[in-house]
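Just so it is clear, A, B and C label the chains in written order, and each chain counts residues from 1 on its own.
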Amino acid sequence: MPILQTMNLDQGFGGRNILSDINLSIEPNEVFVIIGPTGSGKTTLIRLLDMLDRPTGGQLVFFGTDVTFSRPLRLAARRRIAYVQQKPLVFTMSVFDNVACGLRWRQEKKEVITEKVESVLRLVGMLDYRERSAKTLSGGETQRVAVARALVTEPEVLLLDEPTANLDPISVTKIEEVLGHVIDAKRTTLVMATHDMSQGQRLADRIGVMVAGRLVQIGKPHEIFMSPETREVAEFVGMDNILPGIVTGKDGDLATISVHNSTIEAVTSYPDGEMVLSLIRPEDITLTVTPAASSARNTFKGNIVQMVSLKPLIRIEIDCGFPLLVLITQRSSDGMGLSIGKTVYCNVKASAVSIIKRWTY
Amino acid sequence: MEEIWNGFVQALGLIASRDPEVLEITRRTLMISVSSTSIASAISVPLGSLIHFNRFRGKRVLVSVIQTLFSVPTVVVGLLVFITFSRAGPLGELDLLFSPPAIIIGEVVLITPLILGLIISALSGLDRAVGETAISLGATRLQMVLLSLREAKFAVLAAVIMGYGRAFSEVGLALMVGGNIRGFTRTLTTTISLETSKGNIELSMALGIILLLIALAINVTLNRLQQR
Amino acid sequence: MKKPGYLYIGIIAVASLLLSATSCMTTTPETEPSTPTPAAPNTQTPAPTTPQVPEVPEVSPTPTPQAEPVAVAPLSPKNRVRVATTTSLYDTGLWGYLEPLFEEQYNVELDVLYAGTGIALEYGRRGDVDVITVHSKTRELEYVADGYGTERVPFAYNYFVIVGPPDDPSGIMDMSPEEAFQTLYMDASSSFVSRGDDSGTHSKEKAIWAAAGYDYADVQAAGDWYIEAGRGMGPTLLLASEEQGYTLSDMGTFLAYQGDIDLIPVVQQGAILLNVYSVIPGNPEVNPSINAEMANNMVDFLTSDDIQKLIGDYGVEEYGMSLFIPSAGSEPES
């Protein structure tokens, strides 16, 4: 039975809809990551899941019980959930007292509290700070305390809103370590919002992509990144090459697509005549200076118009009649002696091309 | 100038000799002002929390009214208390007029809006996240309110200190409902008022200095509490 | 804040509530701050100089005439009696002198409210005081006729006097009171300070204006020279002295304040200047809460031979003349 579900959840203020028709079903001990650009409504959704706000429409079901409207049911559910905010607020007291709050409110015994708090502080590496005033901590330290504070109550569901955003790399590592530990223990369901795709890819069992208040795709990380279902998802997951075209021929699942004045071969189930978008990741294109005898079915000849260094990689824009963005290592680029104006050949495997339907309005 | 110096000297004399009447008046002043502030705070803290943390129609109007009452003239309150507790009035049976409890009641009526309004202001100054974080961590509403008061401790105590200041310096109301009866309802402020109008400038000054010293002592104490 | 913080607050709150409760329970030992001689405002300090009544802090096994204050709730009418008094009886220090005597004799706490005749009458009507001592015959008679007081008992008298700056700028010295007021009105250059507080003295002032042929409303609007002080007799004298203007005062208060003010008597003769003080106990039939027994005791006290003598002697040593002339229940023809 899913531990958490939302049905047709809406949230709006003053006539504007921030969230529309959110449907989620999260299984116990699952790691569900919500990714999406800033402003897509991730925080609003997480707040609804923590029942800090009431939705303007739809239902929220926790542990099998509809908690949308009942205050006592919400309190009961809330004690089994913990939430780490994007910019967590610590109270004006010591680190120890901050973390102990939740337990004290649940009237835990003093020895139990001490033991649990110290254990969780050790986990996040903040045990030495326990007498420090929490207000004097740095951003990363505060975040760790917030995570500790959430974990100490041993919640069944842990909600996190951008837990590593704006943190120094060491804190990011530490927190992901802690999250990893929590995930491995297999006792907690995680619902996490982030705009860091690689983080999502690393940690998630499933990903939900949110764009403009809607969940546009839910699936395993691999599916999201390899087979985005809409243009927005594609853009978000970094498929920088989006080429409009039309299917001109089909041979089984292999399609020939006319793109500008070239053709692309790709694997898709769309039929002949379908208007489609061909999606290619920059890193899936290989460059050669001579027409290579490679296994790639697609080769486009073009001129380099721009080169941007992203050490140790380099992003190259090539004009093949249509623009293609390619990402290769600086070493390869130097090795081939690439420079602006040079003619190169772009090679893409048919399997590396994703096809989605194109809507023209 | 000589008057001020003489007043100062006389004040020291009165304090050093522990003049019984001055001691008695001082003790009574403290008792009345501390009692009224305590009672007013005991009313205002829960009430202020209730008003702040709940949404209801007319909330803004209510807060406006409370803030308007900050500057209600003390003699107006004095008049109201007088006609209520006078024998001819509705609560005359209690025989409270012209006694210290009447002054305490009047002062409570006077300073409760002040402390109440300032506590609501103190809570409003808190980041919304304080309450939300507490709720999120599983606090009941009461636990959340107590935590919020703790987080706003500085401003809450400032409210109490302000209320105390107003009660302590009260003259008009104390005169009207206390009657300034020697040995019974005289306070430092009413005595100063009386003695000045009778021309006992030096005695008034002496009492005034004592009054300031006490005010200072109390404020220092409360400030130390505030800083913890 | 940590636990100690809560503890402090708790202690303060409980302590103050206890203090207020105990203060209600016990009465404070009456100390006599003023000397037996009438209080000249400036020289009086509340230092415990020879008290009229020695304090008895320890409980003596046999009850002594100097009563140990009784520790009972003063909220019960039996142990407290309230008198509202006209200010001149207070500013002269007479009440300060008589208060402990009354308390000792009758074993009660006497609360003296410094009021002014108008306010005293109002307190009496409302039943907020048990007995009043005032000096405004017409209003007193009306008060008794209306049933608020049981009887009007004159107990002392003196004379009003018009006082003014030593150089007498309006030249009213030795005129009759009515003439003097006419001169002041027409002259309109020297200040006149009125009590302006509905007191007995103020009533007398209004009576003189009327006798002089003026409508009081006209007097009030006559100009800046007419100042309505709105305060007691002593304070009014001080104000008149500051302004170097004229005012109407009772002789007793004037004598008591003479050392502090720069005014001299200018008009002392005139039948209209008679000033009779009366004591009026409240009527328990109209205001049942009144302590009728004590109110009547007050009448007896003020008209008793001993006290009458004391009243007559009051001020003689210091000022060379009596501030009040005892009259025990009667009054001179006015």
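Some observations on this one:
What we mean here is this: a contact is a pair of C-beta atoms (placed from the backbone, for glycine too) under 8 Å apart; a residue touches a chain by one contact, two chains touch by 3 or more.
All values derive from a computational prediction rather than experimental measurement.
Graph distance from subunit A to subunit B, where chains that touch are one step apart, equals 1. With respect to subunit B, maximal separation of chain centres occurs for A (centres as means of Cα atoms). Chain B has the Cα centre that lies closest to the mean of all protein Cα atoms in view.
Pairwise, the chains sharing the most contacting C-beta pairs are B-C.
Subunit A and subunit B have Cα centroids separated by 57 Å. Between subunit A and subunit C, the centres computed from C-alpha atoms are 88 Å apart. A straight line joining the Cα centres of subunit B and subunit C is 31 Å long. Among the residues of subunit B, those in touch with two or more other chains are 150, 153.
Within the complex formed with subunit A, the residues of subunit B that make contact are 127, 129-130, 132-140, 143, 147, 150-151, 153.
Here subunit A touches subunit B in the complex through residues 50, 52, 75, 78-79, 82-83, 85, 88-89, 91-92, 101-102, 105-106, 149-150, 153, going by the rule given at the top.
Put simply, subunit C touches subunit B in their complex at residues 1-2, 5, 8-9, 12-13, 15-17, 19-20, 23-24, 27-31, 33, 41-42, 44-48, 74-77, 82, 91, 96, 99, 109, 111-114, 125-128, 231-232, 234-235, 238, 257, 260, 287, 289. Touching subunit C in their complex are the following residues of subunit B: 10, 13-14, 17, 19-22, 24, 28, 30-32, 34-35, 38, 41-42, 86-89, 92-101, 104, 150, 153, 179-185, 194, 197-200, 203, 225, 228.
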